[in-house]
Structure formats: structure tokens, C-alpha cells
């Protein structure tokens, strides 16, 4: 099975779809949901901890909670923050050991996305 | 990306698929599984609490446990019970705050399905 | 085993302890944590849905996620909002069927706390 | 720290407390909760699979979902069904690898309870 | 809706995809991830408990944690170990009762895959 | 309610209890459990990522999975690695936003333990 068949959407298509979905949420959202979205962006901003460290925290949290969309989002952000492959896989190892073998299917997809992001450069 | 590309299946197609899958379960199910399915239907029936309230309970439970099939099922049922968009999004806000940002990808799909259901009318 | 041995803390003692713990969080909290706490209060306020309904949503979300502190908090609030025992147990039944037998130990404690709250009146 | 300080309750005291709590649930339970409790007992009965095998299934499910009360209940039942220590720890190993290091605190308590049960004989 | 539309991939295609994904993980994996993968294989090997029993443990753990890839993997292995349909559905019943109705969408797919595996023989 | 009543065990007593429990696990553990424990230690060692960063990853993973023992262990380790209060609370904020209000009871205890650790110095 070739690499091209591993995902239905490329990273770029996934991001466009994510935007389209976000518009749906904002189309019905009241104040609480809007404030949550704002807070969600805020907590990854540079502070006492770097944005780079916070994205790794988001990645590992998403891995152990096993949410592919969240894992992909933070994988993209980790790449943008300049993580090396070695750093990325060490963060993933913590997520795997904490979360167990049930994380493996998500780790597979994260690793394949990481390669896709490296080849895009 | 157009709305038509947001889901592989329309709500109607999803319901047909759900029926086909249910037949597979019933094809192998013993007494315990059959009793569970019966109990699952029973607990949403009008009682001291209205079916409307119970469907909202099912929706929020499904949101925080992050199961798209369950969320869609209760979203359809909430629409049938006559929830307004304002009521639907307030129930979703409780699920989002309790369950955290890991719920967001599911909330996106729930919001898009809600719009699909409104346009069907 | 008598009822008095079922819990280490009475509801009143638990609430005092909760306050003491909250002060610890606020003692270290930055803007994001403070905003989250504010949002957490906000999403249960009367709106298109009643505070009563929202507390039931919080209760069932807490049951299926199996957090005793959260369950007790919403059990107290459901009592304050005037739920009858029949309504309370129907909400619990939805949580039990959605979340499965793993919810039972939490349901046991919720039922015992409900009785404690009824006897306090 | 001596063994006597590892748990607040002995296995026998825990079982008495469990009974007291169950009475609280049954005191408020409607038909759905009662049917769930009946179904919960039923699914571990000897059938195509032995009660012994089913108790191991319940143990591992409880380990990966990380519920101490459920783990202790199935640990007691596994001992009653005659599991050897070697069999018990192999079932636990599956739960640990599937569920990850987050299972370890529960595994610690399960191992200590297993020893308590062996010494009771 | 015909059976052919229930899944995007046949069991054989899914296994080929799984292999392709595993190569992606191994392409970036350090020592910890490699050791975890080795341990994951090891804990299902024949020991004091049979491989057959261990695969059922893996199946039920995967059901209650609600991971389709893991459920399918252990469903295939249970079939290879010679489980009867009656045994398979009794193991599933334990998973359903422990994990609740949130497990049902996964149980549907497991039942459909079981039938697919039976027809392959 | 005074601080002295917030926890049954001090951090030092908790660590002694943890050791006593670990001996129980090792008393029954076969090769797989022993290898898992070894791997668990290994994945937090200094590598491409610092031990400091890895402990924060472990902390946030434990927060979103809501395990008090794991949170306390990584809180102690974060203190040993020299995290400032500002850094600790920013890591907690990511865990809170990802995991939702269901994390709050655990965050309360983590904040109280952090203060206990600061006063021990």
C-alpha cells in the first residue's frame, strides 16, 4: 500500500476542512463557546514556558486522550516551532508509555503525518 | 471547501448504515446484549423527566465521552424533540467546558450536523 | 456498617475543604486558569436552558467521566434546584446506561449523598 | 510503612461498605437502574465462556478504565475462581500494557489486595 | 445499504495499511518506542494463560477503551485462536456492560467484522 | 478548615507508601510487568528533550487522564527539576483547557501539593 493511500486528506486539505467546520461552530456559538475558543488559543502563547514547550504539552495530552484531530493540529504546530524528529519522537514516547498500547493507532498516524510535514518543506 | 465535502455520509445515509450495522450485532447477540439494547432505548423514555431533557443528557454524555456516532444520534433526537439552536448550543457549551478542548473536533461535527438537520426541514 | 461510616467528610465538611483547595489554586493561578474558573461558573447560569436542566447536564457528564467531587457538586446543586428523587435517579439512569457498570461505584456514592442531602433539610 | 497502613479498609470491611452503599442505590432506583444491576450480574455467569474467564475479562476492563472498586471486586472474584498468582499477574500485564503507566497506581493496589486475599486463606 | 458499503477497507486491506503505518512509526522510533512495541507483542504470548484467553482480554480492554483499530486487531486474533461466535459475543457482552452504551458503535463494527472474517474462511 | 487537614498523608508519607506498594507489585510481577516498569523510568531520562521538559509532559498527561498519584509524582519531579511556580501553573493551564473542568478537583490537589513542596524547602 502506497503512502498516498494512508490518509483521505492531505494536511492542507485537513486544515481547509477544519476552517470550514470552525465556521459551523461559530455560526451557532454563544458567549461561553466563544470564550472557550479564545482561551484555547491563549493557553499555548509564549509565557513563562515557550510556545514550543506548550505545543509539546498539547501534543502529549492529545496522544493520551487519543484524539487524531488534536494530535495532527499539535504535530503541525510542533513542526512550525522547529522540533527535530528526535524531539518529536521522544515526546511521543512519553505519550505512549503513559497512555499504553491503545495509543499506538494514533501514534502510527502521527508518525505518518510527521513524515508528510517533513517532505512538504 | 464546500459544505458537501464535510461528511462522507448524509444524515439519512448514516441512519441506513446504522440500521445495517445493528443487524450485524443482533445476528450474533445473546440475551445479555439484547437486554442491554432494550435498556438503552428504555432509559430515554418520557418519565419524571421529559424525553427532551433525557436526550440533552444523552447528548452531553456523548460529547464528553467523545463518540461521534452517539453525538449524531442524540443531535438528531434533540432536533426531533424540538430544541432550538440556542438550547442546543447551551447544552454543547456545558459539554465543552466539562470535557475540555479535546471535545472541540466533535463539537465541530455536531454543529455542522445541526445545520444539516435545520436545512432538511 | 452504619451510614455514619460511609464517608470521611459530611457534605458541609466537604464544601469547606473544597473552598480551602480552591484558595490553593487561586494562589498560583495565572490569567488562563482564572478565566477557565469564571467560564466554568458561567456555563451553568440560566439562559435558553434553565439552571436546573444545566445542573442535570453537569451531573450526567460528571457521572460518565467518573469524578466523585464533580458528581457531589452537581448533586448538591440539583438538590438546591429542587429536583425530586425520581428526577434525580432518572438522570442517574441515563449516566449509568451510557457509561456502563464502571459508573456503579460513583452511583453508589451519589445515592448515599442524595439521602444525606434529603435528611439535612 | 507497614502493610497494615496500606488500606483504610480490609477486604471484609470493604465488602460490608459496598453492601451498605448498594442499599442506598436500591433505595432510590427505578426500573432502569434495577435492570442494569441485574444485567451486570448476568453477564459474568458461566456460559460459552467460563465464569473464571469472564472474571478475568472484568478485571482487565476495570484496570484499563482505572476503577479501584471494580478492580477489587474482580480481584476477589478471580481469587474465588481459583486463579493462580501467575495467571492473575499475566492478566494484569495485559491491562498494564494496553492501558499504560497511568494504570500503575491501580496495579499497586491490586497486587497488595491479592496478597491480602492469599493470606486470608 | 449493502454489506459492501459498511467499511472503506476490507480486513486484508486494513492489515496492509497497518503494516505501512507501522513502518512510519519505526522510521522515527527511538529505543523506548521500539521496546514498547516489543513488550506489546510479548504480553499476548502463551504463558500461564493461553494466547486465546489473552486475546479475549485484549479485545475487551479495547472495547471499553473504544479503539476500533485495536478492536479489529484482537477480533482477527480471536478468530485465529478459534473462538466460536458464542464465545466472541459473550466477551463482547462483558465489554458492553462494563463500558456502557458508548461502546455500541464499536460493537456494531466488531460484529460486522466478525461476520466478514467468518465468510472469508 | 486548616491546611493540615487537606491530605491524609504528607508528601513524605505518600512516598513511603508508594514504595511499600511497589514492593507488592514486584512480589508478583513477571517479565512483562518488570520490563514495563523499567521502560517507564527510561522514557523520562534526559535525551533530545531535557528531563525537565519530559516531567512537564508527564504532568500534563497525568492531569488530563486525572490520576492523583501520577500527578503528585510528576509534581514532585517538576519541583526537583527546578520549575518555577509560574512555569508549573502554565503547564497546569494547558492540562485544564485540554481536559476541561473535570480536571479541576485534581488541579486543586496539585496546587496544594505544590505549596506543600515549596514550604518543605
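Observations on the model:
As written, the chains take the letters A, B, C, D, E and F, and residue 1 is the first residue of each chain.
Heads up, the rule we're going with is that contacts are C-beta pairs under 8 Å (C-beta built on N, C-alpha and C of every residue); 3 or more make two chains touch, one makes a residue touch a chain.
Given the structure is predicted, the values throughout are model-derived calculations rather than measurements.
Looking at the partners of subunit D and subunit F together, the chains they share are A, B, C, E.
Following the contact convention of this document, A, B, D, F is the list of chains adjacent to both subunit C and subunit E.
Different-residue interface: subunit B and subunit E share under half of the residue numbers found at their contact. Subunit A and subunit B carry the same sequence, and matching their CA atoms takes a turn of 120 degrees, rounded to a multiple of 5. Here A-F and E-F were compared by C-beta pairs in contact; the pair with more is A-F. The interface formed by D-F recurs in A-B: of the pairs listed in A-C, A-B or C-E, only this one shares over half of its residue-numbered contact pairs with it.
Of all chains, E has its CA centroid at the greatest distance from the CA centroid of subunit C. Farthest from subunit A in terms of Cα centroid separation is D.
For the pair subunit C and subunit D, the distance between mean C-alpha positions equals 25 Å. Chain centres here are Cα means. That of subunit B falls 32 Å from that of subunit D. A separation of 36 Å divides the Cα centre of subunit B from that of subunit F.
Contact of a single residue of subunit F with at least two other chains is seen at positions 30, 32, 36, 39-40, 43, 47, 61-62, 64-65, 70, 86, 90, 93, 96-99, 101-102.
If each chain is drawn as a node and touching chains are joined, the picture has every node linked to every other.
By the touch criterion given at the top, residues 64, 96-103 of subunit C touch subunit E in their complex.
Listing the residues of subunit E that touch subunit B in their complex gives 1-3, 5-6, 66, 85-86, 88-90, 92-93, 96-97, 101-102, 104-105, 107-109, 111-112, 114-115.
Contact residues of subunit D toward subunit C in the complex are 13, 16-22, 24-25, 27-30, 32-33, 36-37, 40, 61-62, 65, 67, 69-70.
Residue ranges on subunit E touching subunit F, taken from their complex, read 30-32, 35-36, 39, 42-43, 47.
Considering their complex, residues 39-40, 43-44, 47-49, 53-54, 56-58, 60-65, 70, 84, 86-87, 90-91, 93-99 of subunit F touch subunit A.
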